[in-house]
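Got some structures for you, see below.
Each of the next two complexes has chain A plus one other chain: chain B in the first, chain C in the second.
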Partner chain A sequence: MAITPADASSMEMMKGPHSSTLSSPEVPGSSLQVVGSAKNEGCTALELLSIEQDLDHIVTFSAGIDGMLGGGVPVGKITEFCGSPGIGKTQLSIQLAIDATLPEPFGGCGGHSVYIDTEGSFVIDRVVQIATATVRHVHSVAKSSADPELLAVADGYTLEVVLGNIHYYRCHNHIQLIALSNILHQTISNINSKVCLIVVDSIASPFRSSFKDMGLRHRLLSGLAQTFLKLATQFSLAVVFTNQMTTKTQSNGQSQLVPALGESWGHVCTIRVILYWEGKERQAHLYKSPSHPESVVSYQITKDGVRDVTDDDHAGLDSVAKVDWEEIVLQEDESLDKISAVEGRPPSKRHCPLEC
Partner chain B sequence: MDKLAVPPAVSISLERAGLRSLSEILEYSSGDLVRRTGLKVYQVQGLIETASEAVLARFKPLTAQDIRQIDNQKLSLGCPLIDETLQGGLLPRSLTEVAGTSAAGKSQLCLQLSLTVQLREKHGGYSSKAVYISTEGPFHSKRLKELAQFMAGKYSYLNAQTLMDNVLVHHSATVQELKVLLNHELPCLLQKNPRNIRLIIIDSLASLFRVEYSYDDSSRAYDLKLIASSLHLLIYQHQLTIVCTNQMTSDTKSNTTRPALGELWSNMVATRLLLLREEGVDNNAAFCPGVNPVPRLLQIDFAPHLPNNTMNYYIDDEGVHGLDAIDPAILDTFD
Partner chain C sequence: MMNALLLEEILEKEDIIKLHKIHIFTGEDFIRSSPLCVMGCLKCTHTQYDNILSVFSHWLAPNHQTALSLYSIYNGTGLLTHLSKIDTALLGGLPAGTITEISGPSGSGKTQFCLMLAVISSLPTRRGGLGKGVSFIDTNCSFSAKRLISIAENWLQSRSISRTLSDSIKQLADKIKIYTELTCTGLEKRINALTSAAATGETADGDIIIIDSLAGLVRKEYDIRTVKGVSDRYQFLSQMSSKLKAYAEEKRIPVIVTSQVSTQFSSSAARGQPSILTSLGISWTHCVDTRLFIEFYKDSNKRKLSIAKSPTGGLISVIVRIEKKGLILDYHETNLHKLTLLSLFLSPDQLDHQISGDSNSYSMTVKDQTDRYTHRVALRE
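Moving on to the complex of A and B:
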């Protein structure tokens, strides 16, 4: 088909720089400004590479998963963890929220994290448990290094600081989640320190209950992802979504577990990791990533949080679990006593016989 | 919606476009809103932010440190050993599922919970009443009376009559009835008794769904979702702990049994406890020389705060008790 000069000129217009229309005086205060590359003047792939390499990662405390993702959950991108209930999505989310508060000399970002809970599975006891272990880890690293600077940093890193740096939101439906995402940029600006991470645990839950219009569902989900991606680049923070699994029946009648929210959602997240059981071992499968090859690593959930599987653990996974459990009981005892002392309850009520 | 703080021009355009609720506004993209209302881009941006703030008006920004100060007392199951395995008991404001093989003791545990919730806070209860929704045949009132008498014997401030009176029993024979109960009758009841009812038990959810729908019926999944959302709404609005029981189904592919109702339902549950009677029972565990010496197995299938531990338990006249193979001293107290 021949192209008339008029067509050509209109095409020229379409190719014109977006910035001219977006920053035009008609839209004062519009938040449609292009984020990321500051003035949208374009940059070369080489420049992008150096930006990419400078980007931080948030460690997971499992060297296996970190290595698979190239150092942890990347800043500026959306990472999705999918898995069945009980596989450790919430544990990983809590671990990441805590790790984002790690001081910089200890491999963290020294920032705050925003935790958006849609399932009600953010159990504070467990958060305290993992945070305590993380604080202990930082202190022991500082002590063994005997570097006065590190020791000073570690001294300022306490349980109260960690917990104070995790900002918690509970969303009960998709409208609340969308509303929250719309004003999150204000919230993040209001927090007087750097926010390194937003976790949504889970993205699936509000969209899997009582949605009949799948077209609307997909549109809302894509809109949400876009808002979060904008936040990720604007504030250079990492966004983590967890997703559930669903049963898909194939044409031959066989059923299979696949990530929920449908095929189209699969395109939205930059990085997708699927968590699953292999026998008695938890495994993480990097399913989609623009920069790292597909791979599978093992991990485990201990009382301290997400960790690698070591060779010892292979020998006796069960016995390890039991030992862990006893330690937890001991720890619980102490914290219970402390709490009850504060609240004036009789200490260690668990040991009271049932008699009144 | 009427109180939405937007310029008059914007609210007139909204009226004209037929947008009346906050959720309608938020379900449109900004581009759609510009087209529908004829407003300018910056006006729509302002509108979306105002609407978002209105939706979140009652949100309080909380840090984990703040949450730690909130009362998070767990609900005791009435046995110190089981409570220890569950690190204190059932999570407050949460949905717990008790799945198990037949005759494993699911209903027994539920009955026991309907009594422990009436205990005072210092004994692991909430000093409040329980709603017991029964779907399988008649309610086990005789057994509840038996348990109530034992409970009243242990705690001087309780008496068996009040204990029984404080368990409000409902029957739902169909999913439709359950929906009406959860969406209309219970909210009314809870409104009339603010903070007086803290526990709801559904025994059993599986029987309703497994009778009424075939396995691959898509409306089953949809109705399950609706029930789950109703439950979560009740939990949120009334600070409830909800317990559902579930049956086991056999997986022909791997020749194992797993809880019924499918993956979708599993995702809606925060904690799942398995009660097993036949398989995996440690026969070497010490068992009580009581009336019912069959040791059974309690397993934490998943929970946001617990490792996947297992423990043995048994059931006798006084209810469900944990069994500690290492420490036989505990058995003396039951002699």
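Moving on to the complex of A and C:
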């Protein structure tokens, strides 16, 4: 289901108190560098609070997940999304990479994003599809607000701009990934505009094969995490890792699904979200976070990208649209047209989500 | 070798000898080793170390691209399955540059699907194929040349070309190479040979690789009752998959493998577990990009084909029939199936529903207790 302009304004509302800092032209990385320099001399929790409040978030377009994370994926921290195959990790990564390019008045950061693909699942067709939906959304919001400033911003936001602002690297093995992480700060400095997001999809796959020496693996992984954390604070950008799941056999012989890369990796990420199937519904579970309570929300993957499961989707018949790519027209029975008009249920036409 | 040369280019000879002592021979080794170890060995400062590291990193890091540049060179050479809804959901067939897994119980038509895909791959582009060569790796001797020819005949005939039939069939069959491999070692060697021939540029236009079946072979050889067996098996599979993936990406072609389902499939889906698991375990499922699942549906010649994982996000299922041409989409059953799925979403107060359909229109009528919200849901093609 497409996000309505009303949703978007509520998204901006969510960011409400920070919007002043959002719109003011900011030197990239300024706020967090303050933290960095302050660290040596120490700073009070009060000072840190004001700095943290000014930090940006990257929205996911699912208000549920955004709310759970306090407004989206936080800048300056490492967020990890784990989940079984086909749950939508790559979809979420692509969505985030596109959302980072959203103009500031529309609740985004108006920046660039770096997408590091280790699995080869970055299908450009799909990126174009989600990007087109996002561009369409921005234009419709601008049109409905009729604010000339917004319209001007929206006019400059085209598919070419979105695609041009996503920097893509394909890493075939862990060496390439580490090498890339070592030089990424130069690349980011070379990009004229600010970079808001680095996505690594997935962190697990280069480290799960061809490693006999677990000690070496752990050292390389934590080194990598440190490099990315440094980038996150230096340039005040969000780092998102996706991680796979693996089966762990417990002492009683039962097997359980756990995030891959072992227990020690679990300590590296600041925020960890586990994605899983609950029946036919996709759910996101905030498993670890320093600032938000553990919680579970539902989301769905639609043709347009990651979206909320709306009340409509739960309300019986209306959810029947949950079947296919094609549009299904819900028709009221002609004889009952008047009643339905009284009930305020006009015949509706909707885009269908993918999941059935 | 290249990286070893680079080592000589930027380092003094005596430094290289020192590095050799701590087992650093290439740029890869340098990146992998611990900074403290290298600094201690070379007696250099951290800044010097950083400079050397940066040179190696530049050398080894992948190229920078933007999504826009990817899009501009993109030419959509996915392998169409000619099952229209599946092709739409996958945004143009099995995506090039990725691995597609076809799984299902025995007798569900995996080999038939593979044979059909082999035929489509080698069909000329003007007939909806890719016009490419196919390397068909058969591991359980299920390949039937007779069936392949019959599928090919039906594909060519159906486009009403009768006179050149035998010639075009010959041409087509000539493009499909069959390799029978009955051991994992053999399979590994074969894949190495195919991919390295591609790397050295011997075959400019890479063959589409179809492996039928990967699971059968792997399950036979690795004993998963032991921890070592499991990890060895995963090691083997992930190496195969990364080689195949690199090959597929370089040649911009799809790679297709089949696997079986095991009893895990029926075990109750635990929290966080997908409802369908293949015999090769969840770690393997992370290695493939697209996963198609075939299962039996109603009567003997109908099958339900579902997309269980896809980078395009479209997870749908359709009903297909196995016919002379291979797998054919059954529109009628697919639409009825879709409405049956819809009825699962009805809330308890929407008591009654009826599904009806003929070849043109499909509808479901739903009534609730008060008879007020009587909806007709119609599918629009």
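One rule holds for everything that comes next: the second predicted complex is superposed on the first by the 279 of 356 C-alpha atoms of A that agree within 3 Å, B and C clash if a C-alpha of one lies under 4 Å from a C-alpha of the other, contacts with A are read in each partner's own complex, and residues count from 1 in each chain.
Everything below uses one rule, namely that contacts are C-beta pairs under 8 Å (C-beta built on N, C-alpha and C of every residue); 3 or more make two chains touch, one makes a residue touch a chain.
Quantities reported herein were computed from a predicted structural model and do not represent experimental measurements.
By the touch criterion defined above, A:Ala204 lies against chain B and chain C together after alignment on the C-alpha atoms of chain A. When both complexes are overlaid on chain A, the residue A:Ile175 reaches chain B and chain C alike. Legend: residue contacts after superposition of the two complexes on their common chain; A:Tyr276 is shown touching chain C, with no touch to chain B. Once the two complexes are overlaid on chain A, the chain A residues touched by chain B in the first and by chain C in the second are 84-86, 90-91, 115, 119-129, 131, 160, 162-169, 172, 175-176, 178-180, 182-183, 186-187, 204-205, 208-210, 216, 219-220, 244-247, 257, 260, 301, 303, 322, 324-325, 328-329, 332, 345, 354-356.
Of all the residues in chain A, the ones that touch chain B in their complex are 26-32, 84-86, 90-91, 115, 119-129, 131, 160, 162-169, 172, 175-176, 178-180, 182-183, 186-187, 204-205, 208-210, 212, 216, 219-220, 223, 244-247, 249, 257, 260, 301, 303, 321-322, 324-325, 328-329, 332, 345-346, 349-351, 353-356.
Against chain A, in their complex, chain C makes its touches with residues 28, 31-32, 34, 53-54, 56-68, 70-71, 74, 76, 85, 88-89, 91-92, 95, 97-98, 234-235, 238-239, 242, 245-246, 248-249, 269-275, 281-283, 285-289, 291, 308-317, 338, 341-343, 345-347, 349-350, 364-366, 372-381.
Remark: chain B residues 22-23, 26-27, 29, 40-42, 45, 48-49, 51-53, 55-56, 59, 61-68, 70, 72, 78, 80, 83-84, 87-88, 91, 93-95, 122-124, 154-157, 216, 222, 225-226, 228-229, 232-233, 235-236, 262-264, 266-270, 272, 301-305, 307-309, 333 touch chain A in the complex. Residues 83-88, 90-91, 115, 119-129, 131, 160, 162-173, 175-176, 178-180, 182-183, 186-187, 202, 204-205, 208-210, 216, 219-220, 244-247, 256-257, 260, 274, 276-278, 301, 303, 315-317, 319-320, 322-333, 336, 339-340, 343, 345, 354-356 of chain A touch chain C in their complex.
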